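The following blocks contain the structures, represented as structure tokens.
Here come two complexes built around subunit A, the first alongside subunit B, the second alongside subunit C.
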Partner chain A sequence: MYDSAGTDIARREWLGLLAQAPLDMLEAWGKDRQEEYVWLRRPESGLAMVRARIGATGDRFNVGEMTVTRCTLRLANGRHGVAYVQGRSTRHAELAALADALLQEPTIRETLDRQLLQPLRARIAAKRAAIHQDAHLTKVDFFTVSRGDE
Partner chain B sequence: MSTINIDHVDAGFSDTTQASQQVFRLGLHVFARPGTLVEVPSDAVAPKGIGAAANALLLALLDQDVSLYLAPQRSAAATYYRFHTGCTLASIPSEADFVFVGIEDEMPSVETLKMGTEYAPDESATMVREVSLIEVGVGMTLTGPGIQTETRLMVPELDTAFAQTRSEIASLLPRGVDIFLTCANQLCGLPRSTRIGV
Partner chain C sequence: MYVAVKGGERAIANSHLLVSEARRGDPAIPELTLAQIEKQLRLAVDRVMTEGSVYDRELAALAIKQAAGDAVEAIFLLRAYRATLPRFGYTEPVDTLSMQLRRRISATFKDLPGGQVLGPTYDYTQRLLDFSLAADGAAVAKPEINTAMAENESSSVMALLGHEELIEPQPISAGDPEPNDITRTPLTFPTSRAERLQNLARGDEGYLLAMAYSTQRGYANNHPFAGEIRFGTVEVEMIPEELGFPIVVGELELTECQMVNQFTGSKTKPPQFTRGYGVAFGHSERKAMAMSLVDRALRAEELGEAVVAPAQMQEFVLSHADNLEASGFVQHLKLPHYVDFQSELELVRKMRQVQADQVGAAS
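Let's look at the complex of A and B:
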């Protein structure tokens, strides 16, 4: 599935999931994998400027810099895997890139989705819900008490 | 930001930091000692038609602040350098900071390249010229800074017209164009200050 800009929607989703994945989950999935690959770009860490718009409509401003680790690898069958992950964990980037390369293989995508992506979706959704819950506790509704004489 | 299709991109240096610095040091050396030949170690997989030394040099020198000109048929190489170095691509040689010319490529005339200004002579182009043979001790004479008396260099691709053009722009110093000559894994420097006699 591609959107109007030609982006592979499914791939965009799993790249996002892999970038946010906790390392222990990726490690549990990847530690015994036997695939061989070569590095096109070894994992390297750097800074990326995060920019945003308030309410997604205002002027773009710099939120701040974050550490990002990226890498690119190529499997023996020629498929490429890329990863851009938050933080400085080269192992995280490596496993995410490996998963990206494998997920592009239609024959094993379904299995991988079940083994890796489903638990990731659940974990990330739970984490998000917890943050939402915390934030919700501090929610304040502003209202004005109307005065009777007006 | 445009995307890059990396389907046919090969590997760069396995240790980018170390390798880039080693190659940079060699680049300094050959410009300080024009007409001497060094061998450039490199474990990068060079694009087709680009020698190991030229490739190592480009990987070491290019970054996101500079532009590279490659002959139009070298689109695979263009993708390779875009991916590994983040450089931009120039559509014509006269706008490029770095110009690579392969053995069969058409050689742009040196005086059409960027030569910098009196105030900023560093804003000039650097040419990386792949040639079929570099022989030291025979051929055209080189004199100038870094050469005690004179040295000789024979390169089949550099003809008298090239030497002529280069001597015409020599008076513009400090403006000018620096040239790296490469042949497979060999590297030789021809900085703007070196005079060529035939």
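Let's look at the complex of A and C:
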């Protein structure tokens, strides 16, 4: 599926999931994989300047940087895998790029989705639910006091 | 001016040994791990990331450990490391309106959409030392509740009065202009608001707090309300050159403050509330609030207000906000100034001789 700008929606989603994946989950999936690939861009760590908007809705400004690690690889079948992931783990970027390349293969996508992406989706959902629960615990219930016959 | 001096290599090398020993302290006591610093000194980590201007919790924890807890030294270490890394580009602007909230309060509206959420705050603690922390602490037992995830609970307080324009709107300018990056092109005065916010975002918290406090005590005329303060997580997106479309690369914890200020109006603007904005990495509420007050004060010229107080003076505020520069210039006084001082000493001797000769001649 593609959106109006021609972006592959599914790929966009899995790239985001892979970027936020904890390394041990990726490692558990990727440690025994046998695929061979060549680097088009070896894993390298660097910085991205984080931007926000003035007053949340106005013009852009630079807040400060964050660490990002990226790489690009090519499988023997010619598919390219790309990773841009927060932090400095080159292994994280490598496994994310490998998963990206494999997920573009329609024949194995469903299996990979079940093995790798579903647990990642579930993890993010659980994390969000936990934050939501905590927030709800401290939500203020105002009550008003009657001031007689006013 | 100072001149290079030779010698002291052995003393310097041994000083490095002593600082390492002092940092480690008694080896009979277990060494701090980065994970302990990251998880148990989270607010120190947040400050170092904000003013070090690099969001990376592990690096900030390492810097704090290496600096033996000295925040400004840790910020220096993080900035120095930053300078060794390549820049991959800019992120898409983070959408703080879709932040997953861990805390959100407003001092202006009691019944805001989604409610007042206190989150993890020291605000309502009694500031009595808790001696139970001196012993090993057990995990906190929270009450269990079941809540359905509600949609759109994070809409902005600013929108509540926005439709009447009682609060100044904050639209995107024509063409969504690219902000100058002050880490690439140094500030020139007068500055744009985007440049000022970048400078303040990495500015020293203590300094900005004092500047903000000065505006409240009357050194700049604004009467502020904390319109909204929120703390939570936002996803951050980049458009990699290989892909050409935005992808999520990770998530950040951010604190945001929308300060609302009285404004009597000008020739071109009706009376309305104006706004100051602050944002910081992690949970950095004092910093975000101070930043928003100073941001508003620095808009004096734009809003046609008389610039009479230090906090309104762009050149004064922005040139002294960076603790790396400030600390460097103050602390460089420790470096050898032997030749300088020698020449000054000669000068003072001569002046005293001249004075003594005059007194002698007069008597």
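Heads up, the rule we're going with is that the second predicted complex is superposed on the first by the 128 of 150 C-alpha atoms of A that agree within 3 Å, B and C clash if a C-alpha of one lies under 4 Å from a C-alpha of the other, contacts with A are read in each partner's own complex, and residues count from 1 in each chain.
The rule we apply is simple: a residue touches a chain if its C-beta (ideal position, glycine included) is under 8 Å from a C-beta of that chain, and two chains touch if they have at least 3 such contacts.
Nothing here was measured: the structure is a model prediction, and the numbers come from that model.
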item: Which superposed partner A:42 touches (first subunit B, second subunit C, both, neither); value: first
item: First (subunit B), second (subunit C), both or neither touched by A:132; value: second
item: Touched partner set for A:140, first subunit B, second subunit C, both or neither; value: second
item: First (subunit B), second (subunit C), both or neither touched by A:86; value: second
item: Superposition-derived comparison: subunit B or subunit C, residues of subunit A touched; value: C
item: Subunit B versus subunit C as contact partner of A:76, first or second or both or neither; value: neither
item: Touched partner set for A:19, first subunit B, second subunit C, both or neither; value: second
item: Subunit C-contacting residues of subunit A that also contact subunit B; value: 44, 72, 80, 82
item: Subunit B to subunit A touching residues, read off their complex; value: 6-7, 9-12, 14-16, 83-84
item: In the complex with subunit B, residue positions of subunit A that touch it; value: 38-42, 44, 72, 78, 80, 82
item: Complex contact set, residues of subunit C against subunit A; value: 49-50, 53-56, 58-59, 82, 85-94, 96-97, 100-103, 110-111, 115-120, 142-143, 145, 147, 149, 156, 158, 169-173, 176-179, 181-183, 193-195, 197-198, 201-202, 232-233, 235-236, 238, 240, 242-243, 245-252, 254, 256, 258, 275, 277, 279, 281
item: Touching residues (chain side subunit A, partner subunit C) in the complex; value: 5, 7-8, 12, 15-16, 19-20, 44-68, 70, 72, 80, 82, 84-88, 128-129, 131-140, 142
